[in-house]
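What follows is chain A paired twice: with chain B in the first complex and chain C in the second.
And now, the complex of A and B:
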């Protein structure tokens, strides 16, 4: 049965055809269980990352419920809190609205949503149906804009995938009247490129980053999972710098904010994991903001001492039980870069294969490859593959030497049996664990990842 | 599904599709056939001349009004012709293409066509085959034959050519094939020659030419077909002859449409001939420039 299945699948999906990872966009091919959702999913998750923001889905009913399972549960078993999941207002479009238009229903829905939620920020997210039939959603939304902060994000699922959905959200925010030019506040930054839910550890990572920056005297507006969402958005033009923690997601937002408000930006390839990456980020930001070097040095030295002292505790497990092991990473570009660097440069493990699952734009792919290869303190360089298809991802893991696998929870149940690998659920989707504050970003997070890696092979008694 | 002869009539907007269709229905009805005419245009004005200029509630009104009642969908027109209008959204709103699909599905799945059991069903479909919805009547299981109404106007022929592309797309999937081309608003032999040449170039066939006639316009203004309003006119005879030909026509042609710039290149030669022809008529001069 299994053999037959593989044969049929190979025929259907032309798996014998070689796909050049640098030039092929995976969306041109059929993709099995991709590790992202659609554009609407990305915007929906992003809006739910903002406290008090109410998403209003202008779509079929399935888009909301589908993303409860496909985005929210997949993002560390979250329900999306007050405004998420089955509580999300949705115009639930049916054939009548396809033919006759759905503007009137949306109008009623916005009106009742405002009355029921009584919140301070609403985001109408248009899915496939209104985009195909050409509903004039902007004009419906405009009627409410004088009274309420409300914006429209046109995010038909077919337009892009969920990480690009994050970019679409920012396009709409930056084009709206929510952001106003205001005096720059010295020592403040915005953090971009961390996508709620799709970056499963977003809540903990952003919490950690905010604390770290505060320690060197920088006020970081992490926007999501911290304080009032609308206020955070309104504060964006105040920042002295925008910091993008992603090789491509959020970069467009930083560029547009630069055009509109003159805010300069730097990009860092991912959320920093462990001492080396975190110190590097802090130094770069400190330099850009012209912070007092002594204060920054003192803090970093103290944190690094703490980090390396703690990292020694599992030393026997790492050096005696599992020394110099090969590892594999399957994650979106930002997490993949950070994990690969951490395991190679901090633990001394050997990178075997890195599979990047977020289908990044073709033009940034070589940069991602270079970023990984040029930053590894190892003579062993990994095979770097851009792949979104779960079936192919699993095939690519066959017959390789790796003993550790950092990937989604999809591989967790069979990792040991299929590949002889100890598994850590480290990237989207993670259905197998509840993720609240757990994170791998920063000094603290790096140690948490170390803990999780070691925990996979020690014990049990 | 009904065993009736089902045909779909397409053509550029304003070219005389509904006029031709209604007259064809009226003529067929006079010949003793039970006819159902289904207007597939959001403007829902296909059957007005069969109903003394009055419009009827549409299939999609049942969706709009949420009554779900399909009892009052079929209205009796001239000589007992069953008139149906698919209807559609307001201009600039929603998706008319999906409207056509939904309306035809509603008619079919609710057994409405079977209840009336007509001998002939004529779908009068608007303009270009702009999307999948407007190709619905061509698809498998709906019409068997497609006719296109065209004048010698370039854009009308362009629309006919596009229709041919649509027919070709569904031709291998059991879809409707071409019955023929109906040349409309014909004023002179050059126009006839142009349309004939178009059909020869595209492996299609002219089924009939309908001359331009003020009788048609006058009857339309009175809210009736020419068959009803001017039954003794020469124009009514033209429509009766068209009806006879349609009934006998077993054509199932697979057209070979022009692609790319080929159509405009072909047309430019004919347009020059037509313009010269007009000039000759208007200025009363001969083609070689000499007066009479």
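And now, the complex of A and C:
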């Protein structure tokens, strides 16, 4: 049935595109404006997501201020607050350090940073330069480790990109002495896989998740944007379960925590958006933690009643003005999966094309495709493409039926003229919106996304 | 800074382009007052376009990014070529030659492609490229259609080990094919510098196959401590590769370097003023077309809005194409705008018209500026027993020398001035200001938030002007506002240039005195960035590495 309809559609829309889904290789070529930064950027944003932590950049002088524009502003127009951007301690390496080594400069920098900042956790992040000149950064950092919580993350920009930078951060944390085996606290979980700034709605999403889990009696350590960062990290081994909300980012951390502390984990493909995904996550966690089914059922029933009552209000707008609309998603793996499921399974929209921008490892690509395709209530399935190159992303959007585009703010100014599409800024980078508490995760967040989608087209009926 | 008498109008501003920017009469006065003989100041070096890039500002102008003390002392050191650049034990990420001085600027050039020959992170600051200038209404002259393009060579571990020449070559070919640009800028990085990539080799080899003009810019972050080296490196490449021999001289064309920190309204004001003289403006580099660069050689004059930003280009255009230039003053404040227009008048044969224009503009705007001045006086009478209000803040050394006289016009004192860097290129301007306004403290640092927080905390100015990018150091129980807005801002209130800009900025500064709840509340409710001792001790250069100047960092 779907094949017949798709044939009709393709004829009417003149749709004749065969796009390479790029399942077999990671992007290592030259590209236009990929939607991520480098490894250093990922560690940097992650550390800035921890309250009272200070990143110490062992790098050229531009790596902090560059990421003010490329990570913090790009992550919902956030400023650097006390520790980010031009306030970030940096060894500011130049030619003479390239020749003589940068270790002494770094040593002075760590010492002075500890004296100067109001903080309790220091993360030395090495960029390209120390890696190329062979600085022994670990030795410099080790000298401080007996007195201060300080770790080193080796993150040269040519080694990996920013999402992988999040993984590198956790590698370093788990290898360090910061985490100690502790008695497991029943009913506690850690949330992994939500990357500060790269997941632009991280602050609101984590706030929402913490509240949701609290409602079913689970204490969620969301680690970022909540309380003292170092304490949150130290509490990690206490958890009964680790919950990874990403098909690949944070998975390695969960595996290593399992090896080191025996903490079991589950992976969920993304931050849950809307009632169906959220209820599904809550049931899964409840089952793993053997929570009282009645409490969980009561809560979920109550939330769903509330959610679907509200979801009915835009009914006229949706059914009269824009029913069964084709949509396109351009986002990282986790957001892409959640948005595609939400629009397809909750408001009857039709997935046209999903472009996944975070260059995930080859071994998870087919799983991501299956995760999307196997969960959709529509008869038609989207084209799913792994693409990091903004030029190709734009080309892939040409001559397609979609009328809604969920993507970064890069497409926002021209979405209507280029593709005739209503645009919602939903993935990194987002320069065009101030993102403080706004989020699309959970029941509340799902309704917010519904609002934002409908807002793009409503007027007097 | 105490006001040491009004500006002496008898000493004629007979500035000449090139070597001396202040008159011999004024040089004599400066020698009497300060004991500094400007006749002995170091000569600017000639520009050698046979080289692949400019010298660093360290070599070219003995620049520094670290100083705190009397402006007169710094001036003396500069004339005697004794300015030093010590290492800091504590330093913050103030920016490198590539980021953000070039990355976010060059990527706004229209019908071009920028290739960042770098790992993927060095270009992320340019991610806003598709949204830039979109907020400017078309009615204000923004073109409806424009495309800004950039690519990264996305260097991987293997490229670093085996070399990335072939990858650059392929990227150039791909850029030509994709975008059909008129120019392809190649911006280099720390990584390509350290692994020793032969950029020119690739460019020479591939250029015959490529329609676009390839413009390699050497902006390796590690090459220099002075971010202004990035300006020079960029202009060097523009002069070397992009500017064409003039087809015809355009007597009504004025080159003006537009900058990140000058808004759309500044452009409009400059166009308005020069338009009244029958002149046209060629704004480069931001948001310019490639053709505008090619025609730089045809202009009647190159005029500054920031002397040290424009310096290398101005000298180069004169040396290579005979385009005259001046570097002082910039059109900030009434008196400087008068002077700026007069200089342009000289090179365009519009001296008479300029005098008419100044008269007309002053008649229109001066009453407004006077009302603002009066209001500042009212505030100082009400809050400080008539003592002049103190304002602290500056940015580039160019803004320092152009903005201080403007604050004086508003009746504001500047207890100290901050500049991102300092070098010999502004010796004359600094001398002129000290002569006009008296000595003052000057702090040189490139976005060092902790040092600025310390100085601000010990000087306790009535009004702090901060650049948008300075961490938590703006949280205070006093008036705080921005020092400037940015290029894509179309709001009339955001202008600072020319006469209308002087009035708009004055009104904007007055607003800061109407409500300080944001910075005050946040200073009470959030933790300060630094430990208390930092604010309590009075040496902003506490972490100066005094051991370092023997073998490191001295800029000679």
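By our rule, the second predicted complex is superposed on the first by the 431 of 461 C-alpha atoms of A that agree within 3 Å, B and C clash if a C-alpha of one lies under 4 Å from a C-alpha of the other, contacts with A are read in each partner's own complex, and residues count from 1 in each chain.
Simple rule for what comes next: a residue touches a chain if its C-beta (ideal position, glycine included) is under 8 Å from a C-beta of that chain, and two chains touch if they have at least 3 such contacts.
Small disclaimer: the values here were computed from a predicted structure and weren't measured.
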*Report for A:47: first if it touches chain B alone, second if chain C alone, otherwise both or neither.*
neither
*Name the contact category of A:372: first (chain B only), second (chain C only), both, or neither.*
neither
*Kindly classify A:99 by the partners it touches after superposition: chain B alone (first), chain C alone (second), both, or neither?*
first
*asked:* With both complexes superposed on chain A, which partner does A:132 reach: first (chain B), second (chain C), both or neither?
replied: both
*Is A:430 touching the first partner chain B, the second partner chain C, both, or neither of them?*
neither
*Can A:251 be said to touch chain B (first), chain C (second), both, or neither?*
neither
*Which partner does A:230 contact after superposing on A: first (chain B), second (chain C), both, neither?*
neither
*asked:* After superposing on the shared chain, does chain C or chain B touch more chain A residues?
replied: C
*Do chain B and chain C land on any of the same chain A residues, and which?*
95-98, 100, 132-133
*Provide the residue numbers of chain A that touch chain B in the complex, in ascending order.*
95-103, 132-135
*chain A touches which residues of chain C in the complex?*
87-100, 103-104, 115, 118-131, 134, 149-160, 167, 170-171, 174, 178, 189-191, 194-195, 221-225, 227, 446-450, 468-473, 527-531, 534, 543, 545, 552-553
_chain C partner contacts - residues on chain A that touch it in the complex_ = 27-41, 57, 60-71, 73-74, 79-98, 100, 105, 108-109, 111-113, 115-118, 127-129, 132-133, 156-159, 161-162, 391, 409-414, 429, 431-432
_chain A partner contacts - residues on chain B that touch it in the complex_ = 60, 63-64, 66, 88-90, 93-96, 98-99, 102
